[in-house]
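Presented below are the structures under discussion, each in the form of structure tokens.
After this come two complexes, each holding chain A, first together with chain B and then together with chain C.
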Partner chain A sequence: MNKMHSALRELAEMDELAVRVSPIHALHPAAKLIATVAYILVTLSFDKYDLSGLVPMLLWPILLFALSGIQVRSCFYKLRIVLPLVMAVGLFNPFLDRTIILRMGTLTVSGGVISMLTLMLKGVYCLMASFLLMATTPIDNLCAALRQLHVPKMLVTLLLLTYRYIGVMTGELAVMTDAYHLRAPGQKGIHISAWGSFLGQLLLRSMDRAQELYASMLLRGYHQHFHYADIKPFRGRDALYLLGCLLFFFLLRSVRLAQLLGGLLVR
Partner chain B sequence: MHMADALLAPAVAATMYVASGSVAGVSIHKLKKDDESRKLPVMAVTAALVFAGQMINYTIPGTGSSGHMCGGMLLSALLGPQAGFLSMIVILTIQCLFFADGGLMALGANIWNMAFYGCFVGYYLIWRPIMNSRWFGEGKRAQRARIIAASILGCVITLQLGAFSVVLETSLSGITELPFGAFVALMQPIHLAIGLVEGLITSAVLLFVFQSRPELLQGVEPEGEESPRRSLGTVVAVLAAVALVVGGGLSLLASSNPDGLEWALFGNAEEGYAENMGLDEEAYGVESAAADTAGAIQEATSFLPDYAFADSDSAIGTTVSGIVGSAMVAGVAALICLAGGFFCKKKAKA
Partner chain C sequence: MIEFQKVSFGYEKNRPVLRDLSFRIERGEAVGLIGANGAGKSTVMKLLLGLLWGEGRILVDGLEVRRDTLPEIRRKLGFVLQNSDDQMFMPTVYEDMIFAPLNYMLSREEAEARVDAVLERLGLQDLKHRYNHKISGGEKRMAAIATILAMEPEAILMDEPSSALDPYNRRVVIRTIRELSQTKLISSHDLDMILDTCQRVILLSDGHIAADGPAEQLLRDRALLEANRLELPLSLMGRSQRSY
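And now, the complex of A and B:
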């Protein structure tokens, strides 16, 4: 399976997850979007050595996974992009920051190790938060919410149209790539002689297709106004969810939950 | 080069959102003013194609490895900088939301690092001046050579700027213990090689378009139509001005930790490093009347000495320096947009 087939499968999986039914799926997309951004901001605001403060932040995504009925393992596949990048940056920390900040018997832990772990946790948490947003919100509803939040119409329409055409274009390129590799067995990628023509041909066809698409949109009554999905109004429970989330993040940021719980057992 | 959320501090992420958002606002305004909203389907289809096209592996002859094309340069050459920028925003948003490539908070930084440099710097300061120049002479062969030169130069320079911004943003966020100079030395050469390969692939696609449908390319006149060309001197002057403005502006955002060269010469006693070459920073340099006069002028005119307010060691001073620096970056962006608009009008009149 080539990269394009994998991408199509990932998109289809996200679409399937987003249309499920659960209390989280039923929430207003704007409430979910604001809560996600707030969560990421609070997560990133922790100091690089504050590992104990950061650990309890896991509670919110775990709670959301449980309430939405989405399995945690479904987002692990996406870690393949985030983790190597974060690790590449954080990997130097244990070698460059050797200040001992934790002793457990004979075992010593340097500041570099703690900051690397903190960095990795932040990466995983932020990924889970973004994943949960998209896994519980269809793109049409998210775009409608973005319009309600006054994101420019041109940008939102472009996002929606591009998302729709990504499936078509990726599918077409996947077929082309398969056909190319069937005729060039054992070849890793596209040969230099076909660098321009391979994508260029599809590009020209696509530009023509876009003109036809615009003509068909005009024939169907498109006058610079795009109709977005009808989403339910922002209700009391959405406000309650948003307020609850913000309060929860504030508590996790200001109260040392891990130390409090640890204090119950260790004196 | 997609940055993850974890690599940015909230303040840096917010600053980059403001910078990218401002450029997006200007782009939308320009497209609306020119009644280019009818371009939307073309932008969407081309963006979708670039998104998919970036997954194709192009074999690099003789190496066994493969490369990808550069989306920013390709989109700006096909759609123009504003439409290309918006298309890149959408591609980066979809990559971030659906494929976890990048992050929701890092989106502003990623847009700046990849879309802004690729579309605006790449178009106004590299693609258009080169395409309008007399480089390589006249005729179709010369135009083909100009397309190759502009694509390679564009990809290399914009990728270098993007990679430098990644280092700057990560260092300002205090994420990595890696010294600024070492981080730069690690990032820039890798992206130089990537830029060269991306440039070659992008030029191959653009050459194919030029061969089949030259009217689709921005800044390329079809055969037989004469247009006022800028001389090589103008191109060099524009590139020199960019180097000065960008270099000068970005230096204000440098980390308070010494860079690789400073670190090697003087060490950093405050950070606990040994004095590497044992040189005294205060006493180092050439003593002359001219140097003293220049130093006095610098003392008098530097409104943010050592990146803080004069005679102030406060964190507020440093923060204000950061804000001023960010404003200057945004200013550079605005200047580039304005310069583009100016040249557009000039061309229309001509």
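And now, the complex of A and C:
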């Protein structure tokens, strides 16, 4: 199967994940959104050498995976293209920062290695948190929640349409690559001489289809409001979840959990 | 119900697609819009829906198509797009069907009742919670029609409703269209389908109306059809008359 067709199928699978039934899926999207943003901010706030402080932050995504019934494997599978890029962010740190900050017997670890690992962990955590949000919340509900949080209408519409158009563009790309390979047997990828026209055509075709799709939304009463999103009122359990998450993040940030546990074991 | 008064439109200057087009469609009429490629069939639909703007007046139920009247006009008109993939943008058939009723401020209970009624009427209950990317082309076309019926529009516009369907699904779509009581404007090259579903036909050619009359009469006029790059519907043509 054409890679683009698989990509299209995977995109559609995200929608399937988002409408599953679980305690996490049932939560109000605003609660999930705020918790995710808070998690990302707390994760990013750790110092570049604070690897031990960062490790316990993994507890939250693990808990969400368990409660939502979403497999960790599916997360890493879907993020397989972005993950290497995130991992590559701190790749040069070991060469730039050679200060030794840890000695374990004869083994020495430089600050560059620690900061590289910290950066990698931060990237992976943020991606996991974003994936969990998308996999447990339909995009329309998420947009409705953003509007409830007074995010500008234009921005929310842009987010919704971008999400929809990724699918449209991937679909067009799938058709075009099929058509190309049927007339270029044995060729791997798209020849560089065809890139210009290929990308131009892709843009034009995607724009045409995107316009049709948007017209179809307008003709069925879409006016940048999200009345159709299936959002229940913000209930006690949503507030409890949000407060619980915020408290948990605060604890993880302020209490040196890894050192505490390490201290207990050493003693 | 629908009226075009001297409507002209062109995508490029000095190259009009429609020239002084005037016609009127009464409430409850089923009208086929036929013509060769580029005759302006889809343009007529888009002008009617306010997706394009031309010169002249277009009236829907006495209301002129203007930017300020668009919400009301679009509520009266349901448009089934040629490509069902563009119509079905939500994850499941149910979510797509409930999209318009909720946008038109129906309560979720009312909207759900409407969706269920339409699905039952079309015999599509099995499709309700299916994912759009997992249903066949024929099912998707029927689901697209269902999404429009859930709006309860006063008139239904269809762009090539039978294209890319196998004979069975084509028959199902034709039967469904015939059973609809709303005003219908159907653009298609499938003249057999037009003959089966419409009482009246408007033949567009070179930006103007080449003929307007009863479908049974107009679609038997071989000379007229061939002069406009069309041909007799297969059901009216003997095997010996077919020329390839």
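Just so we're on the same page, the second predicted complex is superposed on the first by the 193 of 267 C-alpha atoms of A that agree within 3 Å, B and C clash if a C-alpha of one lies under 4 Å from a C-alpha of the other, contacts with A are read in each partner's own complex, and residues count from 1 in each chain.
We take it that contacts are C-beta pairs under 8 Å (C-beta built on N, C-alpha and C of every residue); 3 or more make two chains touch, one makes a residue touch a chain.
Keep in mind that what you see is a predicted model, and the values were worked out from it rather than measured.
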| item | value |
| --- | --- |
| Chain B versus chain C as contact partner of A:Arg9, first or second or both or neither | second |
| First (chain B), second (chain C), both or neither touched by A:Leu158 | first |
| Partner chain(s) touched by A:Arg209 [first = chain B, second = chain C, both, neither] | both |
| Which partner reaches more residues of chain A (counting touched residues only), chain B or chain C | B |
| Chain B versus chain C as contact partner of A:Val19, first or second or both or neither | second |
| Partner chain in contact with A:Leu173 - chain B first, chain C second, else both or neither | first |
| Partner chain in contact with A:Leu41 - chain B first, chain C second, else both or neither | first |
| Partner chain(s) touched by A:Met217 [first = chain B, second = chain C, both, neither] | both |
| Residues on chain A lying within both footprints (that of chain B and that of chain C) | 164, 209, 213, 217 |
| Residues of chain A defined as touching chain C within the complex | 8-9, 12, 15-16, 18-19, 138, 140, 164, 171, 209, 212-213, 215-223, 225, 227-228, 230 |
| Residues of chain B touching chain A in the complex | 2-10, 13, 24-25, 28, 31-32, 37-38, 40-49, 51-53, 55-59, 61, 64, 66, 69, 78, 86-87, 89-91, 93-94, 96-101, 103-105, 170, 174-179, 200-201, 204-209, 212-213, 216 |
| Residues of chain C touching chain A in the complex | 49, 51, 71, 74-75, 77-79, 81, 83, 85-87, 89-92, 95, 98-100, 102-105, 108, 131, 133, 147, 151 |
| Chain B-touching residues of chain A, taken from the complex the two chains share | 2-4, 7, 10-11, 14, 36-37, 40-41, 43-45, 48, 75, 78-79, 81-82, 85-86, 89-90, 92-93, 96-97, 112, 115, 119-120, 122-123, 126-127, 129-131, 133-134, 152, 154-155, 157-159, 161-166, 168-170, 172-173, 177, 187-192, 195-204, 206-207, 209-211, 213-214, 217, 224 |
